[in-house]
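Each of the next two complexes has chain A plus one other chain: chain B in the first, chain C in the second.
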Partner chain A sequence: MAQSTSSNMADIYRFLAQSLRYPDSSWLQAEYFSALDAFLVGLGWDAEAASIRRSISESADWLEPLQVEHTRLFVNAVPAVIAPPYGSVYLSDDGMLYGPSAEKTKLFYHEQGFDLVGEADIPDHLTFELEFLALLVEEGKSDEEEFFLAHHFRPWFPKFKARVVCETRHHFYRVIVNLIDFFTREEM
Partner chain B sequence: MIIDLEKCVGCHACAIACRAEWEVPTGKDSAQRERRRNWVLRLGPSKTPQGMASTYYPGLCNHCDKPACVDVCPADKVEATFTDPKSGATKTMQVAATWKDPFNGTVQIDKERCLGCGACADACPYSARYVNEEGGEPKADKCTFCVERLAQGLEPACVQTCLARARIFGDLSDPNSEVAKYVQKGAVKLENAKVKIGPNVRYYANKRDMHLLTTTSIPKTMPQANLRRTIMARMLKPAMDQVKNLGMLGLAGVVIAKGLSEDDKQ
Partner chain C sequence: MALNLTRRKFLQTASLAAATAAMSGCFADRAKAGTPFVKKPFAAPGSFADTKTVTGGICEMCFWRCQLVGKVRDGRLVKLEGNPKSIDNGVSICARGNAGVKLLYDPDRLKFPMKNVGKRGAPEWKRISWDEALDECATRLKGVIDKYGPQGIAIFPHGCSATYPMNFFENVVGTPNNSEASFFQCRGIRDTAYVATLGVPPGENVDMANAKAIFLLGGHFGENVHVSHLKRYLKGLENGAKLIVVDPRFSASVSKADIWVRIKPGTDTAFLLAIMNYLIKEGKYDKKYVAEHGKGFGEFAKGISHSSLKWAAKTCDVPEKQIKQVADTLAANAPNVSIHPGRHVSWNGNDFQRERALACLTGLLGTIGVKGGFVPGKGPKVGKVGWPKLMSEHAEQFALHTMAKLYKFSPPGTPTDLIRNTAVTGKPYAIKGYVGWGQNPIQTIPDQALTIKMLEQMDFVMVCDVMPTDITMYADILLPELSYLERYDGYIHKGTQWNFADPQQQFIAPRLPLVSPIATDHERKDSIWIINELAKRMGYGEHIKVKSAEEMVEKILAGVNLSIGQLVKEEGIHLQPGADPYGKALDVEFYSAELAEAGYSAIPTYVPVPEPPKGFARLVYGRSPVHTFNRTQNNAWLHNEMPNNPVWLNDESAKKMGLKEGDTIELVNQDGVKSRTSSVVKVTPGIRKDTIYMAHGYGTMNKAMTVASGKGIDDQSLITRLAVDPETGAHGMRNNFVKFIKNGKVLSIPA
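This part shows the complex of A and B:
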């Protein structure tokens, strides 16, 4: 079946979004790691692929360490959560959750014909922003994709990424945030 | 090639002959590029400093001297040997899946090795390439100057079919050719300071039509496509197939839903 480049990019955004969801056995299986491994090797990121292979093969129970790390990085940790995956935390002066920038992001979703499903969903969550990018790609809205990256996503993502890369104790999250960075960075 | 707008009647026969000869589909490809090798756009009527102008922009690949589409091709390079039909000289070069022939100057695609990534189509300021996704693997497609017909001693399909003889095909390097004479008469390239890659199709027209053509049909800038992401997305194809087969990507749509249409709200 023929696949166009643009739909590939949509799948890449979705794959990256999925990779940052809470790790549970509904999706985090051998097939996932096999796909991630092929993906990294395809990019020429052999060292990263090897580091993930190592950390997964070290113990029989690789799921729990990932769950612990996901929670520590993104949900709660003592004394404070390390890297909240919400844009406005990095964009408002006082690190506010659901700050003004989140409202702007929500409005942009709406202008493009998309709304969050849950009333209480926080619009500038990293996985929502990545999924929204996938939707824009599928609709062939490449100007809007570039605009969203430049004005909504990149203003905060590098700060989030820096915290994860510095603080994480698991190669998996370091590699995933570097992958997201690679596919969303401005270039040339 | 020269296109003489004083003769062109805008009948579209060239564009249709090209579609028929090379089975070029109509409409757009999945990246919203016009699927075309050859086209005719109507210009005007518009006011110009020289008076009212009304003409056409018959376009095709310019087979540029410095083609932007060639350098971006991510396909693995292979060694290829080219032969000059006039002198018999040969030249061997490393080429990706698209290249500029060092002797006849045409820009060609090897459909066997084309990955169908569309990077070349995104790089062309004239939108002279698209990706043909009809049947099987996607492949980039463009005007070849009908090299296959030329090899049989025929003219390009668009030239042969032009009832007004507005398209003139020939060797620009031969000063006695009809095309070289048009250049001496002032036939122009569609280029400017920002888009200057040496197009080899030239246009001849009266002053007002030329003003209309050059103000509307010269690209304003070179495309700044996000080439890294485009190319990477294609190079990862075997890995992407695995990713798609995970079957988890479909779950994602539940998070952001398409807004209700006006009908649904009522």
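This part shows the complex of A and C:
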């Protein structure tokens, strides 16, 4: 891939990571939505683009439902948080947070010359993994990128995605996890 | 949707440039929020493969506070162990202590402040910032204070981290309405009864390790686990102490007992009175001690003289011979006898009198300050720092039990029963603000429907916790707290070596974090930070004495010329020479003028408790070695050890009822209240026919506790009939009666 496509890919990873951060007005503005819209249209995902446009324009107060949904899907909820965004929850027998696979992920970060800012950060958080992929792309480490996707990201992401797709009450998150899936899926 | 477009193809299309051009603008805030990564040269492989040992941990899976070390690998806590330097628990920790790792990394833990945008009881959560959360808590609590006065706020705290909030609301805000259930509804009765009799709260300070006989009333050690306490008990047994256990059930302690008194529940005071009466009549008590330190012994002896062995045998449903055997065993081994004061003693609403009787028996046998007896250790001192007592007078003036002239021997705080009734009726004043801190009153206070009514009428409900327990469902604002493994604590653990026969030593062990709390994927805080921020916003900022938990620990340690740095050097535990704990006698108020004056029975008195209605048996509950009340329910490792709480049923009764071991059942109580969930039957000869037993702390109703939700039966849900102890105002929780339900059919229990 050409250099420009690579850095584009870094932007895409970052954009996807950003999309899963807590929705608040510091970033979730018209600017974001038009970027997302252009991106989806560019991909030919017109129906998805339309569904997001609709759900955002449907009510003046579109932010709070997104915040409630983000909390319900990823933070804490009654009856249960739908899809904890942490790899080892899906990879360990007992749904453990910071399980052995998360330790391995952290080790891989170290091997690539990076560390997490927060000492207690749970290493296999979805947004961390996407941000890390962006860093690998920027450093031109495409083999490492593929390795990370195959050995650290893909082993759990489809399970996470399935929960979000089937449980979410908001188009936005369904589209975003599908986008992440699209850009991280293995290609023959 | 362009199904054929692959990622790679897309990245090569012309539309890519247009599509991604706008993206980078969306990261504008990233400079502010920061990337989650920093560049760091990779250290040699394997340098972090091994764990490093971090000292200074203090366990809080229960409240015994064993001293820990953590095995930490690259910031992750991998294992907990006892601190080898400990002279208390030593290298031993219990199953729950080990499972602390699972609490730290429980995916269900609270992670961010949240606002309830749904309803109380059926919450819908929205993550909010700390600023937003604290602003709202401050405004709404202030609103309650302005409208109803400080007494309009009730606080329900539990645990070391709740002390700072509790003192803030009591001393600075000025509310007397503090319900610390884990103390008030548990040990509080014991403490006030012993203070009224021996002048000191007893703790569990019996020198079992060096006793010739140990007497337990309901104590079920082995199922109830506190490491150094068990070490004392087991050392005593190892040394050949005779063990007497009074319990309607074949408990873990009964299995080691020389004498098992299979008593009828609720009648223990009668049993104790008969023993004392017999000892006095036979002259088998410590005459010298009683003469030197006893007060009102004559009135006492006369007052209990009706308590014959025969009367007690009938009342307690135990053989007369056995009562005599117990009394003789105690006398034969006196004064080296451990009369255990108990711990959770809020049983039947006649509990203060029973605890008084235990304290009198301790005095009668002269087993105070001697080997094997009641011996409070001589622990070290530390400094003190906290909120100034600005509003104590106001608080006292509005104390509900003082206003009602009730419960004159109430432990510190206000009887929960009065707080709840006042909130629900609005009389004598309104209680409209609820502050919960680490306590789950849904499962700690009987009559859940009334508790929920209390919560529903509040103007504002704020809860701070580590896990989403039942009470959190009723919060308007829910705050996530750091766990005991990630924080400093204003409480400093101190004590002596566990066995008084060893050289005398003292220890000081503050809680130091074993892992860092700093993270970008969750935002938990400690109680000192949270309350300080709240205090500032409520206008009490000028009274803040410490800026952080760490500073608080520093200041307390500075009082004895220690520091955190020093403690880290000393591997988390400071040791110093101790003092001989033996030799101190205590006066014994056999007849209490103070009680007489307050209008209570001045000598220990047996008050009969309600009998089970026909077809029902009394529900009693106790502890499991792998759980601490309901706090550990959701811990995956512990849950795995004991996934539900089997309901003990007498084997002969079971046969008549057609129930078999392992049958799935529900329970229904005398008021027609059914258990929300089911459990299984344990069929055993090891329980009386009039008694049903189960472990407490199961059957949470909050589905956000994904491991524990709906597993086993919540005993508290079946405790709807209240029994309030007249001296203390604490709830007795064993005056409720149940029947079984199998496949929808209600089964009576034969007498």
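To be clear about the criterion, the second predicted complex is superposed on the first by the 185 of 188 C-alpha atoms of A that agree within 3 Å, B and C clash if a C-alpha of one lies under 4 Å from a C-alpha of the other, contacts with A are read in each partner's own complex, and residues count from 1 in each chain.
Here is the rule we go by: a residue touches a chain if its C-beta (ideal position, glycine included) is under 8 Å from a C-beta of that chain, and two chains touch if they have at least 3 such contacts.
Computed from a prediction, not measured in an experiment: that's the story for all the values here.
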Room on chain A for both chain B and chain C (clash or fit): clash
When both partners are placed on the shared chain, which of chain B and chain C touches more of chain A: C
Which of chain B and chain C A:E31 touches, first, second, both or neither: both
Partner chain in contact with A:E103 - chain B first, chain C second, else both or neither: second
Partner chain in contact with A:L91 - chain B first, chain C second, else both or neither: neither
Touched partner set for A:A80, first chain B, second chain C, both or neither: second
Chain B versus chain C as contact partner of A:V41, first or second or both or neither: both
Which of chain B and chain C A:G140 touches, first, second, both or neither: first
Residues of chain A at both interfaces, chain B in one complex, chain C in the other: 5, 8-9, 11-12, 14-15, 18, 27, 31-32, 34-35, 38-39, 41-43, 109-110, 113-117, 121, 127-128, 131-132, 135, 182-183, 187
Complex contacts: residues of chain C adjacent to chain A: 1-2, 5-8, 10-13, 15-30, 32-43, 45, 48, 73-76, 102, 105-108, 110-112, 114, 117, 122-127, 468, 473, 486, 515-522, 636, 640, 702-704, 706, 709
Contact set on chain A toward chain C in their complex: 1, 5, 8-9, 11-12, 14-15, 18, 21-22, 26-27, 31-32, 34-35, 38-39, 41-48, 64, 67-68, 70-72, 75-81, 84, 86, 89, 94-99, 102-103, 106-107, 109-122, 125, 127-128, 131-132, 135, 182-183, 185, 187
Parts of chain B lying in touch with chain A, wherever the complex brings them together: 29-32, 116-118, 131, 133, 136-138, 224, 226-230, 232-240, 242-246, 248-249, 251-260
Residues of chain A that touch chain B when the two form their complex: 2-9, 11-12, 14-15, 17-18, 27, 31-32, 34-35, 38-39, 41-43, 109-110, 113-117, 121, 127-128, 131-132, 134-135, 140, 142, 146, 182-183, 187-188
